[in-house]
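Two complexes follow with chain A in common, the first pairing it with chain B and the second with chain C.
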Partner chain A sequence: MTDRPASTTKNADEGGTDYLETIPYRVVAVYLPLGVFLFVLLFPFYWMTIATFKSNTELLTTEGFAALWIVKFTFENVERLLFQTEYPRWLVNTLFVTFTATFLSLFCAVFAAYAIEKLRYSGARLVGLAIFLAYLVPPSILFIPLATIIFKFGLFDTPFALILTYPTFLIPFCTWLLMGYFRSIPYELEECALVDGATRFQILRKIILPLAVPGLISAGIFAFTLSWNEYLYALVFISSSEVKTAPVGVVTELIEGDVYRWGSLMAGALFGSIPVAFLYSFFVQHYVSSMTGAVKE
Partner chain B sequence: MASVVARNVVKAFGSTEVLHGIDVEIPDKAFVVLVGPSGCGKSTLLRMIAGLEKVTAGEISIGGQVVNNVPPKQRNIAMVFQNYALYPHMKVFENMAFSLRLAKASDEIVQEKVHAAADALNLREYLDRYPRQLSGGQRQRVAIGRAMVRDPQVFLFDEPLSNLDAKLRVQMRTELKELHQRIGGTSIYVTHDQIEALTMGDRIVVMRDGYVEQVGSPLEVYDYPNNIFVASFIGSPAMNLFAGTVTAKDGLSIVLADDGTVLPLAQGHGVSDGRRVVYGIRPEYLALSKEGQGFETEVVVVEPTGADILVIGRTAGQELRASFHDRHDFRPGQRIWLNPRLDTVHLFDQETTRRLELDEADSDLPRFRAV
Partner chain C sequence: MSKFTRRDMLKTTVGAAVAGPALLAAARSWAQEMKFTPEPGAKLRMLRWKRFVQSEEDAFLALIDAYTQATGVEIRIDSLGFEDLRPKAAVAASVGTGPDIIWNIHADAFLYPDALVDVSDVCNYLGEKYGGWYPIAEEYGIKDGKWIGVPFVMSGNFINYRVSWVQDAGYDGIPDNTTDFLDLMKKLKANGRPGGFALGNASGDGNAWAHWILWSHGGSVIDKDENVVINSPETIASLEYVRELADTFIEGAASWLDGNNNKAFLASDISVTNNGISIYAAALREGMTDISDDMDHAFYPVGPVGKPTEFHVAFPMLTYKHSDFPEAAKSLITWMMEADQYNQFLQGAVGYLTQPLRAFEDHPVWTEDPKRAVFQKASERSLSFAYPGKLGRAATEVFADFVVVNMVAEAATGRKTPQEAAEDAQRRAERYYVL
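Up next is the complex of A and B:
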């Protein structure tokens, strides 16, 4: 007999310390928690989906029906949502408000983050901190003074009431996210560009922004989601149905007194989450791939 | 092309002063190396010349014009950074063309200049690649190419070779020097590596802790170090230094090391007896000799490098380095006698650490000449 260890080349080696983990161990430590997690996350979506396509009777009783799947498939909820409310209009409003607010916030945040992170002026840290503190003021307090301002400017019940108030939480958020990205871009690149004859603005446009694309994308996605789902300001600053955003419109118009139109509510929620889900799935791929090996050269 | 002059330049970061009145003159078309240990302020000085740091006090002029308040963009300098600072999102061509494009050069000029630089640096086939697809040496060449396309007044290099492996470093050293000989152009080159400094510079500026310790040609600095710091910093293996006292013994003037070892001196040096000195001798000027000639050392470690054999021994209670070009069979523990070449012995004052100068030593020995 030899003392050599047995050859391990028969099984594909995935590297790292994976070899220490037995299959039962992996099931307990990886797949089981992952499964529970996925279930908790996805079940509401499932519930939403089946509720959308159940008839009212099926929704309200389990007698003769099942709770967890659809027995009698129907489009009546969807139909009510699309043709008896202004839901399509609300979606368009939400899209408009969300896109404008996100763009505006990103635009401001890029300059704010660049100034704080890359122009070495005294007090930069302090300004960064102040912006962060602004983010910590809860909207449920902020909406009171904001409401006064909105009224004074005559913006009440217009999309601008939202477009101009969403940045109060979007700008701090995006600024902080972008500061982190800008920080990871080496100073030397900028100094080199300075020596090469670039102005600050050219550096921002030709060096920093192209390198911060992953950061811009993630800031954009988060800002988009935050304003897409925003409820409080949209509820307070808007009253006419044709200006409402989807989250508010669905809740205010499909709950009539104590009658909850569950099917249509769920349909509204389901269709409302599609754009966000689409955005995530489209960009996640993109930003993960651009994060690897972009800046650290 | 232009000369660069620093006059009494001071730099302070907050309340910490890191450069204390630097005076350096860099003639037009010269290749000058700033060398010194890490943290001595070389990069800071270079960055002030580039305009990336404010001058706290004093004056920097490029081509006769004071540039203290001129932004980097208008100084017409090119800089090569330690980690290349290539723009990762641009292909090699665009990296090299960046400054030309900013200057709104026409497309033909951009093409012509970038291709000329790429040819000079053997980068032609890499123009279409991203920096991450290049090896370290190629990236370094791109960084240099980016500087070359500019026709700047001054080239600045901040430790451009320190991220390369040893072999490539030696090769790039030669290439850079050859490039300078071909293109000319005032160049200021920062390194902490004294070999790089000796091999590349027309002139060397040795710095320590924010002061200039010596300026001179490589051989001047090597052969006539101004003080103990320069003597020990320049040269590898480093110069042997022994503290002792100048003493008369048997009618001969010698240096008596603190433990009683007798270190021979050339006669007629004029340094008075009783003076506390540091005796310096480079490893290559120690010759193997017969018993009783020179001084004795005990071999501790033998390091053959191929070209030379380096012996690390123990003399006067301290480490001694001697290198031999001829093959010898040394064994650890062996006791050997070493005889210093007397005209290469350096004496430094123990108090001031400065080299003992000719005005104190009335001999005609070249080694003790004024600096």
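Up next is the complex of A and C:
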């Protein structure tokens, strides 16, 4: 064993984040990486925004125009999106399908995760694993058998075709996420409640769920985003324009053969990302807390 | 909007107020002696690919509306991008529900022929009346002696080029042989005006130029007896040509899909590409006269095989067996393809779409603008992707898997040697033919 000089050990222990107090260090260690990270994350949004308000000519050619900012500002693309397509209706459809599917999935996932994590029956681990494996089956394999079921239920070309199929990937995902969160809630809390005569349902409702709010929000946000962006099922199970969701509607209406209406496509993508960004901004603290460790014993 | 309503119809016919009553009168007259009688109370639902050009859709919907008014058959039209149409059509065939008619792309009908109505009576009637079908139309439409789809249109895919830039490189136009074409492309690149051909999974443009280059050197996926023969000296020769040609491309073509070359051409970033007439139409629509005045279209150069080897895109109408109203579907398609109606439709399509029946090849749409002229020949010059073999399920699956396009892309980008790319394509294609 090599003896380390005492002074070095002391410096390292006492140092902490003191080195960030000097400006050069702060620039190199914090602001520069943060700036690069922000640039990478926000550039697509910037690109969407400027493309939304550029004229068609400006989008098609760089001669006399600049790639990174707008020379001729126009609302033409927004107008086409909002008034020449059924975009507002697609947004409403997407919201309806997304909220309903997310709620349904969370509802089921709470019971599934609680049963697997807290009831401690034999084979619970295997059930958890099986649910996770279900999440790994890609939609591109599932969509034809699901289409048969949807047809037999008479749900083809209705929002319920999506509301009932999205949980096939949302429930496994939410269950797996909530299982991890429920695992972090001390069992002693439940034991106390059981001693006091609480039923399992009361424990879930009055103890587990209030403690698991960050986990529920996190699972909800993920489920919301997955539903919001879903493309394949929405494409296959829906035909009528008035029932389409925004991701499918935008692509099917604004790509004409090999002619892409880039401005309106970008406007559709930009406006479509607003609800998700809005949701994240409200719940970001809960979301982070659920990711970083939940309830500590 | 995708959904076609009466209200939309009123909007679309405003610009054609004179033609409206005439068309309606023609429809009523036609309905008195129509060959196929719709079932009582028939309603049809059609899914079509998203229009290339508004005037084509307007003409199409005007004909549909006239038919509805004359026969009482309600028709609902939905549309999707042609790439997205294919999974929908496959699901409709597998599940047995969905639109009555799907105006599809390529030869997807060969993937699910049993789900489709035999439309031999429609095709035989139209063929006899309108000068016969081009061989390519019969190839895409007939399986085991019966018609499984009505070849409604072809969409031409030819060389698009900037006239003045090609002239600057010392050529009057696109050369008629692949050797001079390569020389032209090198000179254009040296002049700072590179060309570009799609190397991504571009269903239209990628397939069109990849098959051309393969066939032009004598290569093919299968032979006449349906043996997979893509790993051949001819294929390797074509890929060596591709390697040289790709050096003249603009950066980024390796990831191009169908829309990227349109954008690059309109941005004056490239001098030569392959495409339908959509680039020219977009330049006209956007008032980009510097492009539209200075561009033209040409046939693909002929390779060492000494004859044209072109691939153009087929768009057949498929009627599904799950339809409760197959006679109404036949009646509608027949109405659309009768001369008076089809002429209006071709006019609206302004060169995007080409007739599959010989009687329409002298349509004025091909002569009123000389830059449309080559598109007149799309049906006449096109080979099927199974050439020189027969279209079938395996050929369609190989095509849908982009085996030829990927092989060309791998050789073009240098990811694989021509030999390796051909061997890989052989393995991929054999999987479908063995199964």
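Assume the second predicted complex is superposed on the first by the 253 of 297 C-alpha atoms of A that agree within 3 Å, B and C clash if a C-alpha of one lies under 4 Å from a C-alpha of the other, contacts with A are read in each partner's own complex, and residues count from 1 in each chain.
As a convention for this text, a contact is a pair of C-beta atoms (placed from the backbone, for glycine too) under 8 Å apart; a residue touches a chain by one contact, two chains touch by 3 or more.
Keep in mind the model is a prediction, meaning the values are calculated, not measured.
Once the two complexes are laid over each other on the shared chain, residue contacts for A:Ile207 go to chain B alone; chain C is not touched. Set side by side, chain B and chain C differ in how many residues of chain A they touch, and the one touching more is C.
When the two complexes are overlaid on their common chain A, residue A:Pro88 makes contact with neither chain B nor chain C. Shared-chain residue A:Gly35: touches no atom of chain B or chain C. Using the contact criterion defined above for the overlaid structures, shared-chain residue A:Glu256 touches chain C, although it does not reach chain B.
Across the superposed pair, chain B and chain C touch chain A at no common residue.
Across the complex, chain A is touched by residues 1-3, 45, 47, 49-53, 78-82, 84, 87-88, 90-91, 94-99, 204-205, 258-259, 262-263, 266-268, 275-276, 278, 282, 286-288, 352 of chain C.
Against chain C, in their complex, chain A makes its touches with residues 56-57, 60-63, 84-86, 143-144, 147-148, 151, 156, 232, 235-236, 239-242, 244, 248, 251-253, 255-260, 262.
Interface of chain A with chain B (complex): residues 186, 188-189, 191-199, 202, 206-207, 210-211, 293-295, 297. On chain B, the positions that touch chain A within their shared complex are 47, 50-52, 71-73, 77-79, 81-89, 98-99, 102-103, 131-132, 139, 146, 150.
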